[in-house]
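Chain nomenclature is as follows: A, B, C and D, assigned in order of appearance, with residue numbering initiated at 1 for each chain independently.
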Amino acid sequence: METLKIGVAGLGRLGLIHAENIYNMKGIELTAISNLDEKINKKVKEKYKVPYTYTSYEDMLENPELDAVCIVTPSGFHTEHIRLALAKNLHIFCEKPIGLDVEDIKNTIKVIEKHDRIFHLGFMRRYDEDYLYAKELIDNGGIGDISLIRSYSIDPIQELDSFVNFAKKSPSGGLFLDMSVHDIDVIRWLTNSEISTVWATGNNKAAPELSEVNELDMGTVTMKLENNVTALLVAGRTASHGYHVETEIIGTKGMIRVAAAPEKNKVTVFNEHGTVRPSSQHFPERFARAYENEIKDFVRCIRENKSPEVTSLDGLRGTEVALACQKSFNENKLVDVKY
Amino acid sequence: METLKIGVAGLGRLGLIHAENIYNMKGIELTAISNLDEKINKKVKEKYKVPYTYTSYEDMLENPELDAVCIVTPSGFHTEHIRLALAKNLHIFCEKPIGLDVEDIKNTIKVIEKHDRIFHLGFMRRYDEDYLYAKELIDNGGIGDISLIRSYSIDPIQELDSFVNFAKKSPSGGLFLDMSVHDIDVIRWLTNSEISTVWATGNNKAAPELSEVNELDMGTVTMKLENNVTALLVAGRTASHGYHVETEIIGTKGMIRVAAAPEKNKVTVFNEHGTVRPSSQHFPERFARAYENEIKDFVRCIRENKSPEVTSLDGLRGTEVALACQKSFNENKLVDVKY
Amino acid sequence: METLKIGVAGLGRLGLIHAENIYNMKGIELTAISNLDEKINKKVKEKYKVPYTYTSYEDMLENPELDAVCIVTPSGFHTEHIRLALAKNLHIFCEKPIGLDVEDIKNTIKVIEKHDRIFHLGFMRRYDEDYLYAKELIDNGGIGDISLIRSYSIDPIQELDSFVNFAKKSPSGGLFLDMSVHDIDVIRWLTNSEISTVWATGNNKAAPELSEVNELDMGTVTMKLENNVTALLVAGRTASHGYHVETEIIGTKGMIRVAAAPEKNKVTVFNEHGTVRPSSQHFPERFARAYENEIKDFVRCIRENKSPEVTSLDGLRGTEVALACQKSFNENKLVDVKY
Amino acid sequence: METLKIGVAGLGRLGLIHAENIYNMKGIELTAISNLDEKINKKVKEKYKVPYTYTSYEDMLENPELDAVCIVTPSGFHTEHIRLALAKNLHIFCEKPIGLDVEDIKNTIKVIEKHDRIFHLGFMRRYDEDYLYAKELIDNGGIGDISLIRSYSIDPIQELDSFVNFAKKSPSGGLFLDMSVHDIDVIRWLTNSEISTVWATGNNKAAPELSEVNELDMGTVTMKLENNVTALLVAGRTASHGYHVETEIIGTKGMIRVAAAPEKNKVTVFNEHGTVRPSSQHFPERFARAYENEIKDFVRCIRENKSPEVTSLDGLRGTEVALACQKSFNENKLVDVKY
């Protein structure tokens, strides 16, 4: 088994997580990094003994040693970075979303399909043990047929300031494209159905400053699915208690909640506040193991030449639905999703 | 303090609860009952030492000893029964809803307003200690401003058969009018705001037989409020685990769940199923204490000549919103609530 | 059904609870109160419309209208007050313990047995719905045979100061006699077995000032029962989070926890502390309904001439075991309980 | 950084866990295994690409490539295997306990101290994130001074049969030496104090067949510590709901429970049983991550030439206390622990 050589593009918070996970994996080498900030590059190079560092993605792709790239650059660059990597015949792990524009994504998918390279998309919740447990229970008929699904993604208020700064500089695509894509993917994955109609609402009661950057601090989407399931989706940016990602599935024979409370661990503290369960504080903490599993699966797909479970079509669908949500919110009306 | 004499009209499950609570209260006499089924009347007469029994509501109203009536007859009779009782100058406790038709309710409210009698409407959740605790926390600023509210009312599947039989005989008004009025009232009460737009969805995956009687086993409503809060509402008839009434309030500084699980008591059982908290099985169990508090408050309002917190307008609003939900579901479109 | 007339002796915190419950019960009159503090008597007289008030217990017993007394005087007076009431042929509800001295209790039991009056002892946990649910589950074989039982009674630290003041004036009998008697009774009740050997330990780490009054802030007892069950018992006075009364029963086929957390209600708050369940703050809150049920049962026993479930022997056993615990702690050795 | 080469001795359930963790670690090679059963050796060799396999521990030690051994042989062999490995100048990771006989352990410790090799003892709970969170909270004063500590280790009943078979063949040392050593270590670790007096009780109500092999299915120990803390310890073999390892620490300013319920994951299921949290089923599941962290720490200690946190003295103390517990149970008396 030869060592697989991977380059990581983009060293934001999530890029650093992928870099560390790749570094720690047996049989894999974190061969290169590309990132604008040279200070960060230097630190990462030292910490993870990275042979090559670049400030340009294109330069990194010229490195003939690379077998694969892990794209964690800003969402707006994803489609181009995917196409460039495929032109070099590299396997690709790409963070969600594939892109922000539907036509651009469709064109990119055509390119992906022309190459027999592994394309793995970063919907890490599919690799989280809690979600996998729920999925298995559902698929085994444990709760009958699904009639309703509710999914929350609420970021901690501690991260609001940094988000506002970020949003001022580069548009995130909005709450639905930025955060709800994960919930949209979970809904499609758990129900095996597509979303047909959406109505989105929202407000900025906790963070009025978000209005200035055309963002929401609390958004909801109600969805009808093709199989007549209803889905309720909440996305937010101002949870006082931590990072609240929760999914509920109501079936005809039972009901499941994945992370009804965002439990940090198995510890309960009894103090002047009452009976307290501490919360997960952010996505790196909540999904630490899922990110590991995801990269392991990427490597397994390459080694065994297997198709990843998450396909580029899943990425396209997520973006299509999120854009329909945004349109529904903007125009305050029911919107039928076009595929 | 003279003994207050109350007559109970209607001895269905809820009528029996009110009868028992009235019987047990000091300073109150369960003076009369009116109900079609003489067998039940006989049992109740014996159990609670009721002086007078009637098979006709009108006959009961002729009893000059009565100070007040408790109307627990089928919803379709409420407005008429209210007007008849007022004509006899009686204080009234009336189960929700005031009525099924908006014009009829408006006319009845005019009659109510012409009499200086106590009119108390049965939104018992406002007397439940869990909801009161949440209300106080909210009003004291404990979670900042409300940005989202979610409320569930899901009946246990054990009661489905009896509901189907019931619905075949007399229309319930539909899931939204029958069940969601409680959630609608909770939403208005906790937010101090009115509902402006609704979208309702639903399906019958668990109980397809409900389609025949034009009912839903699972319905949702998404609502925009005048103060720009979003509300999500779920109503159902097929919970495997018991009687699931839950309300979540997301504020700018915290989040509250009232009965995140429908805990029957404080007991935890560890057995082959895992760590198990038993569930409340039905509304008489879940809201036993709330029904007691409600009647006590009715009596207190009479004795102290105080206005009840729940007004006839609250009843009207509940019905108006529920009818808008039904219309939205029927026509599958956004509906603006007309007041 | 004639009105039953009851006098309450002692208007400390628990006395006031009993007075209120008696006052609120249909068919019962709170006919008299006896208590040293005239100011409190005046207030109670007004609040509950009490016909007769006394500063002397003996004087109250002279009132010929009384059918029963509720003895809530300091523990040291119980046996005398029981005998005096029986001499007047009154039914008796007596707070735990029957007394502090075993010989004195035994003599009092002989007097009780000579009178055909109801004697009801205040082990209110037997009337708590959570404990009753556990008891029924156990008796129905839901967890097989009991192999271990653990029971906690920990008072909130908020009440420490008032306890220290109280303990300086009149000895409580110590942690085991004052608090653990409830756990001892629960253990005997749930296991249907007697305690044979005990070892008690303790310390004053949270409240060293208790050493001065010869008290403990944290005590434990390990017990062997005649049926070879082990029991673990913890009593304390300094819980930060509220009033923690918890009982665990480990059986051969399952395990039960009664109040694993001292949940105040069904509300969950998500805030900067995490996921928080508020706590019950003191015994009047935690056992409000149990105190009501207990007095109702007392009245039912009188009316139906039935023997109460809790007997004077249960009271004797509780004291005998608690004294053995105290002796074990004092001498730091295993002590066999003598009956 | 050179590759570290480790041999694993003993491929029972825990040996296989260590083998897998060693195999997966970057910079480490699972160079050799020694185990009696050749079939298992063959499987492990293939699965983890192990260069050398042996049926004799002594033979494996002759392999000059080895840097370290991981001893997971039956407890009775530990001291000998430790001494043999040290004679070859190897670093040692050894599963608990060091040994079953105090003198033998003391002699072995002398040998350990004569070698400057890393000796790492397998008390994996010290590497569990839940226990580490509690430890940090305690050390930061989050609950004040500890006054009581309670620790449970209860194996699932599913494993009873295999244990009975195992116990018939080779003595486990008894419930206290086999299971409670973990709790004893946790108590010493969290309190920074030694145990001075113990009283042990137990019974075989769930598994009377254990009496034949001189074992208990439920045992408890009450302990006094030198700093006057009380500790309560429960060990069992017949939990219906899974693998129940729980530790409670009561401090003067708060209380902590580590794993109050043995939650398998963050999923809650609502079904006909109520609100259900699934349980961890066995130690490999519950402590999967702790076992990984433990081996990582062993490697880190070797590379950085640092002393492990768990010392051979901790191992000695654990055995001394467990033997005192067994003696207390056998003779049914308080036993002072001799160090």
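Following the convention adopted for this analysis, contacts are C-beta pairs under 8 Å (C-beta built on N, C-alpha and C of every residue); 3 or more make two chains touch, one makes a residue touch a chain.
As the structure is a computational prediction, the values presented were derived from the model and not from experiment.
Novice: Chains shared as neighbours by chain C and chain D?
Specialist: Touching chain C as well as chain D, we find A, B.
Novice: Please flag the chain sitting at the greatest distance from chain C, going by CA centroids.
Specialist: Relative to chain C, the chain whose C-alpha centre sits farthest away is A.
Novice: When I count C-beta pairs in contact, which pair ends up with more: A-D or A-C?
Specialist: When the contacts at A-D and A-C are counted, A-D has more.
Novice: Determine the centre-to-centre distance between chain A and chain C, using the mean Cα coordinates as centres, and give it in whole Å.
Specialist: 56
Novice: If you average the CA atoms of chain A and of chain B, how many Å lie between those two points?
Specialist: The mean C-alpha positions of chain A and chain B differ by 42 Å.
Novice: Based only on mean CA positions, could you tell me how far chain A sits from chain D in angstrom?
Specialist: Taking the mean C-alpha position of each chain, the two centres sit 38 Å apart.
Novice: Among the residues of chain B, which ones contact at least 2 other chains?
Specialist: Only 239-241, 244, 253-255, 260-261, 263-264, 268-272, 278 qualify.
Novice: Among line, ring, star, complete and other, which one matches the pattern of chain touches?
Specialist: If you draw each chain as a dot and join those that touch, every dot ends up joined to every other.
Novice: Enumerate the contact residues on chain A facing chain B in the complex.
Specialist: So the residues of chain A touching chain B come out as 144-148, 150, 199, 201-203, 205-206, 217-218, 220, 222, 224, 228-230, 232, 234, 236, 238-241, 244, 250, 252-255, 260-261, 332-334.
Novice: Can you tell me which positions in chain D touch chain A when the two form their complex?
Specialist: My answer: residues 23-26, 129-130, 133-134, 137, 142-143, 253-260, 263-272, 278.
Novice: Report the residues of chain A in contact with chain C in the complex, numbered from low to high.
Specialist: Touch residues, chain A against chain C: 239-242, 244, 261-264, 268-279.
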